[in-house]
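You will see two complexes here that share chain A, one where it goes with chain B and one where it goes with chain C.
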Partner chain A sequence: MTAFPALLLPLPVAIPLVVCAVILTTAHLLPGRLPDILAIGAAVSVAVLCAVIARYAAQGPIVYWFGGWEPHDGVYLGIGFSVDEASGWIAAFIGMLYALTFVFAWGFFDRTHGHFHILMLLFLAAMVGFSFTRDMFNLFVWFEVMSVAAFALTAYHLAESSLAGAINFTVVNSLAGFLMLGGIGLIYAQAGTLDFEGIAAAVARGGRDPVVAGAFCLVAAALMIKGAIVPFQFWLADAHAVAPSPVSVIFSGSMVSLGLFGLAKVSAVVFAGSAQVQQALPILLIGLGSFTALLGGWMALLQRHLKRMLAFSTISHAGIMLAGIGALTAGGTGGMLVYVVGHGLVKGALFMIAGILLATQASIDEIALRGLGRGIWPAGIAMALAGLLLSGLPLGALDQGTRLVQGALSQQGHGIALAATAVGAALTGAAVLRAAGRIFLGLGPDPGDEAGAPSEDEREKANRPLWLMLAPCCALLALDVAIPPELIAHALPRAAAAFMHQPAAGALVEGPAWLPWASVAAGLAGAGYGLFRNRLPKIVVQPVSATQSAPTRALEFLHSGLIGDYAAWLAVGVAGIAAVLAMV
Partner chain B sequence: MSVLPYAVAAWLFGVGLYGIATSRNFIHLVGCLGVCQSATYVLLLGLGYRWGSIAPIFYDHPPGTPAVDPVMQALVLTDIVVGATLTALLLVLTVQAHKRGGSLDPEKLRPMRAGRKSGRSQDTSRGDEAARGAR
Partner chain C sequence: MSPRFRIALLVLAGLVLMPAAAQVMAALPPFGSTIARYGARINAITPEARHVANMVSAINFDLRGLDTLGEEFMLLAAITGTVVLLRGRRGEGTTGRAMRLPGRAVIPRSDAVVLGCRIAGPLTALFGLYVVLHATVTPGGGFQGGVILASGTLLIYLGEGYAGWRDSIRSHWLDALEGGGALLFALCGLVPMLTGAAFMQNILPLGTFRDLFSGGLMLVENLGVALAVTGGFTQLFLEFMEETREAEEPDEPGEESA
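Up next is the complex of A and B:
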């Protein structure tokens, strides 16, 4: 018989699916705002249930077998959910993010017939299922449900650029799905089961095996595509920039990091017994992660389309998370888990501010918006705070995650990766702070003719009160700052060890205390340089512009927006992962 | 299992990816994506195949007769469903993109690029218009 806490496990997936079906069947009958209320209720109940599950899971992972198909004598026939403390809290965080996003999106769409809410609830159910499952194929199914809901939500406006962005997103992520399925087929052929524990046991028995390495290569590539790691990152900037703002909040806040969460789980649990994979992981993850952090940060600095800037900032932070996983210690993985939550809160708030600007000022272009934000100065304060937090201000969950990741990296002597995490954070913080200074304080040179944006004339629905949009944004930032660090520091060693199926570790090491301050200072300096470049003496400006123009143009050229180029880079990336696996 | 299914699957995936990388028409591109997906069908069916066995249906066979792996066949069925969903969704997006941009060429439909004509006039879409389109 299944005992009490285990019975809760299917509910956070079932509730959004049921509410989604109810809204779908009764959409034409429901009065005005009822779908909003139903959706908020469903998201809140998911968050509360997941938090309860996480509390129970502190004593040990909770397992639920669907239909009572429990394993016998090491033979796994059923499909199960298995929730450790960390997975439970991540799911609770996702539910909470959805609830606040639904509040933000209140009245965002006129006459939607609930389509937006249906897709979002489907998306939520898939994310919770993805973090709970202990079955490889089930993981793939949630991965695909997540993708399909995301594709439809990206194209929701059916405008020209959102369609192009959605097509790029769909093609690249479909390829990711195919790779993942191929990898699952290979690992099943070798292990004869799809259960995480069953596969782990078979992998540990098998020794060095090209089929296992091939399976890992395909699954890891698929999850890195979802996690927007270089060279798979191209789709993200196209999709996040054109999706409706509430959808971008979810994309950047949870979907991307969930891909990396999946990668952390799969490499720590399923492939723990393969020495070949475990040897390749640090090289692959720390190398790609550092590179991604720098490239994303640099690209963010080059953007004037606010949402595209935030999208590149997400790429940069995904790189930092990946480097954390690559440390392969409880500190690195635990830091990454805290980072997922902190980054989701801050980045969600920033996308909400971008949505507020789109709604109230009818533009998303940093240059065109210069000085126009003065009338909505509370949003400016929130944006500046979020920018400082992104660049590493030592406050709140994002900072704690950063310091744990940096601690794990410095403990293992990865100096370059350590520097990359600080520089990446400083670059994205500089981009956001520069935009905040320009929009809300009117700093920087008068644009003149430059004001015409290269992007389209965009606008989101304007007749919502400012406080309604600002309240969830401030709630996200307040949560990031208010999560007590002692609580995390106390629970994390145990939770990270349970997440990685390892014996509990001692207290986790934090990185050098001066590093976050250094990256905040660098972020402020970068923002100041961007705003006051024309007032600085030539001797400072000239060397910078001389050295950065060629690589900058090369980067802009690479981000071509052409799906063909993205497919080619995808092939390069998969080949690269395979080469690293073959060489160790 | 012989090496042939692996080789065929790798070939199909490579050819499909080459098609996507060089495609100048979205409909053609959706077809190429289908080719990539058939690589997964071949791989999964090849992995589950057992020589000299029956299909995993025991209606007119005694239980215990050697059969091919039914799990793989279930995976392929799910894969086909996923493929149908993706193809349908992509074709819808393509039709809508053609309606708005007047072209099926990825080069002419780049997101967020300067120098595209008709960007401004076409895109006044807001929530209400999206709702009309979504119906």
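Up next is the complex of A and C:
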């Protein structure tokens, strides 16, 4: 007989699955809006259940054995869920994000036979299962369910661009699935069990073992592909840019960061006993993370397709999260966990604004939209606020996560990584602020012929009132700003320590207080430069354009959209991880 | 990137990965030398604990039933996704009757084919049912049996022609079969919780070892999988065959993007 809080653990996974099966069975009988209502109800109940679980998990991780197969004599027979406080809150955040996304998508997917809701609910169940499980193969199952649901959702528009993006997404993420399965096979061959704790014990017993290193290499590569870390990041911009806006909210707000969340959990729990892996982690994660933060930020600045810009900004922020994990301290990982929530809230809001523009102005091109946003100025205020938060405005959860990550990095003397986190945030903020200024204030030069967007015509159905689309967006931003920092500061040291299976740490160190302000200032300066370049004296403009043109062209050349290129870079990335593991 | 550069990159990566892979393979336990402790333990306890002769079914539906539940819904996601992609521009509307391209001749099939299909069809369905029902005794189970049953419906197409096939298949029934099977499986997890047991705990009488009715709850879960797989795969066949059908009325502008 299972005691009370543990009893709840299967429900956040089972409820969306049951609702999705019911919708599929009865779709043709249900009246128009019922799938919307059912989906919102399911997402809200997931959020509430996960929050309750997280509250109880504050006293210690809650464990649940499916089928009643509890471990006997150290042999793990069945599958278990193990939820610590942090995992519980992350799942609650995801449920909440889904609920608001369903509100945002209210009526958006008319005439779809409930297919959108079915796929989204499966996606939700998979994400919760992914955060709760303590079994390596079960982790893979939820990883794959996420991928399969996501492939179809990406291609939903069935336009040429969305099919191309979905194909790239499918191929790269299927490769990730193969890598992960291979890694699990290796670790199972050596450990003889699939349970996190069981593997961890076997790894700790084994000493330096190439099989363990190989398993880590493959699993880490798979999770980094999900997390869009350079050089695995190519698929993300292709997919996020073309998916329907409500789906992009989920992709950028939770799917990408969940990959990194998984990486943090696997590194801290499963591979804790391998000195080789633990030595390689800081080099790998901080190095790749810093590089990703810079490259993503720069690419974001180069885009005029708003959703593609936001997608690259997600890559940049994924890099910052990865650097946080790489610090291997409670501060770094705790900061990453807060960052996941803060970033998800802000980025979700931004993708909703992109959706609002697609629906009301029938375009997603920054230049073509110049000045067209004046009529929907409330969205402009939200976008400006989101841009400032993205660039590091010291307010709300995203900022708190940033400062914790920066604190962990500066404590260990990773000066370059520290700078990369600030610069990455500034670049993405600059891109968003520039777009906000151009679209909602009509700033910047008159584009003339350039206004014709090079991408194909895109629009989304304009059948919803503005307030209905804006309300969930503002709710996300308000949540980011309103989460009381003291609450996080109080709970986080305990939660991060429990997440990493380490003894509780003291208060967490925050980074220098001036750094967020510096990156906000840099973000505003970057946005100003982008908008008023032609009014600046030549002496300022010329050196900038001279130094940035060659690397920019190289970068654009690399983002070719060709799947063969992406696969080649993927192999290079796996080789890079293997090389670092071999050298430490 | 030029193909040459791409291959150079791949070769470069291979130069690092090959020695690493060789090292990993050398360190793996030799092939067939040991049965993993996990497998040995399962072989030792399941016949007694679950009265089941087919270990694979015991693992799939009981010990690691949650994985199978995940896989079942992954299949559902894949089929729903395929339906979304294939319906494409022709939209949501489905017709109850077969569509045919004007001007294309309907080639009559030979009596031998018709007779062969009429004999093989029921036999295939029977065999599918057999595989489904004996999940806990002999190799096979709901998934395999479900695929066989769905292939049986294809024999109707082969023997009776497209119109005949469409007369015997209803898209809504398939949705109901697929969703209902998945729902049954999910409920097999939830219902034991009402009695105070764990999610998917085997609370039904276990039956006799090597008997058709052995394994308790596994049989119900297995039935759910069989229903879902039969419905899902037949739905796939239907969608693939209808793929080229055009929309009946042109969409309003902008509608197709949502």
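Simple rule for what comes next: the second predicted complex is superposed on the first by the 584 of 584 C-alpha atoms of A that agree within 3 Å, B and C clash if a C-alpha of one lies under 4 Å from a C-alpha of the other, contacts with A are read in each partner's own complex, and residues count from 1 in each chain.
In this section, a contact is a pair of C-beta atoms (placed from the backbone, for glycine too) under 8 Å apart; a residue touches a chain by one contact, two chains touch by 3 or more.
Because the structure is predicted, anything quoted here is derived from the model rather than measured.
A.B. asks: Contacts for A:Val148 in the overlay, against chain B (first) and chain C (second): which applies, first, second, both or neither?
C.D. replies: Both: A:Val148 reaches chain B and chain C.
A.B. asks: Report for A:Gly561: first if it touches chain B alone, second if chain C alone, otherwise both or neither.
C.D. replies: A:Gly561 sits against chain B, while chain C stays out of touch.
A.B. asks: Could you look at A:Ile483 and tell me whether it touches chain B, chain C, both or neither (first, second, both, neither)?
C.D. replies: neither
A.B. asks: A:Phe108 contacts which: chain B (first), chain C (second), both, neither?
C.D. replies: Both chain B and chain C are touched by A:Phe108.
A.B. asks: Is chain A touched at more residues by chain B or by chain C?
C.D. replies: Looking at chain B versus chain C, the one contacting more residues of chain A is C.
A.B. asks: Could you tell me if A:His305 is touching chain B, chain C, both of them or neither one (first, second, both, neither)?
C.D. replies: first
A.B. asks: Once chain A of both complexes is superposed, is A:Val48 in touch with chain B (first), chain C (second), both, or neither?
C.D. replies: After superposition on chain A, A:Val48 lies in contact with neither partner.
A.B. asks: With both complexes superposed on chain A, which partner does A:Leu24 reach: first (chain B), second (chain C), both or neither?
C.D. replies: second
A.B. asks: Pick one for A:Pro210: touches chain B only (first), chain C only (second), both, or neither.
C.D. replies: second
A.B. asks: A:Ser174 contacts which: chain B (first), chain C (second), both, neither?
C.D. replies: Touch status of A:Ser174: first partner only.
A.B. asks: In the superposed arrangement, what residues of chain A touch both chain B and chain C?
C.D. replies: Residues common to the chain A contacts of chain C and of chain B are 108-113, 115, 137, 141, 144, 148, 151-152, 155-159, 186, 188-189, 194, 458-461, 560, 562, 564-565, 567-568, 571, listed in rising order.
A.B. asks: For chain B, which residues are in contact with chain A within the complex?
C.D. replies: For chain B paired with chain A, touching residues are 1, 9, 13-14, 17, 20-23, 26, 29, 33, 36-37, 39-40, 43-44, 47-48, 71-72, 75, 78-79, 82, 85-86, 89-90, 93-94, 96-97, 100-101, 106-107, 109-115, 118-120, 122-135.
A.B. asks: Can you check the complex and tell me which residues of chain A touch chain C?
C.D. replies: 1-2, 7, 10, 14, 17-18, 20-28, 64-69, 75-79, 108-113, 115, 118-119, 122, 125-126, 129, 137-138, 141-142, 144-145, 148-149, 151-153, 155-159, 186, 188-190, 192-194, 209-211, 213-214, 217, 244, 362, 458-462, 557-558, 560, 562, 564-565, 567-569, 571-572, 574-576, 578-579, 581-582
A.B. asks: Could you list, by residue number, the parts of chain A that touch chain B in their complex?
C.D. replies: Chain A residues touching chain B: 108-113, 115, 137, 141, 144, 148, 151-152, 155-168, 170-171, 174-175, 177-178, 181-182, 184-186, 188-189, 194, 237-238, 241-242, 305, 308, 454-461, 560-565, 567-568, 570-571.
A.B. asks: Quick check on the complex: what are the chain C residues that touch chain A?
C.D. replies: It is residues 1, 3, 6-7, 9-10, 12-17, 20-21, 23-24, 26-29, 36-38, 41-42, 45, 62-67, 69-71, 73-74, 76-78, 80-85, 88-89, 91-92, 172, 175-176, 178-180, 182-183, 186-187, 189-190, 193, 196-202, 254-258 of chain C that touch chain A.
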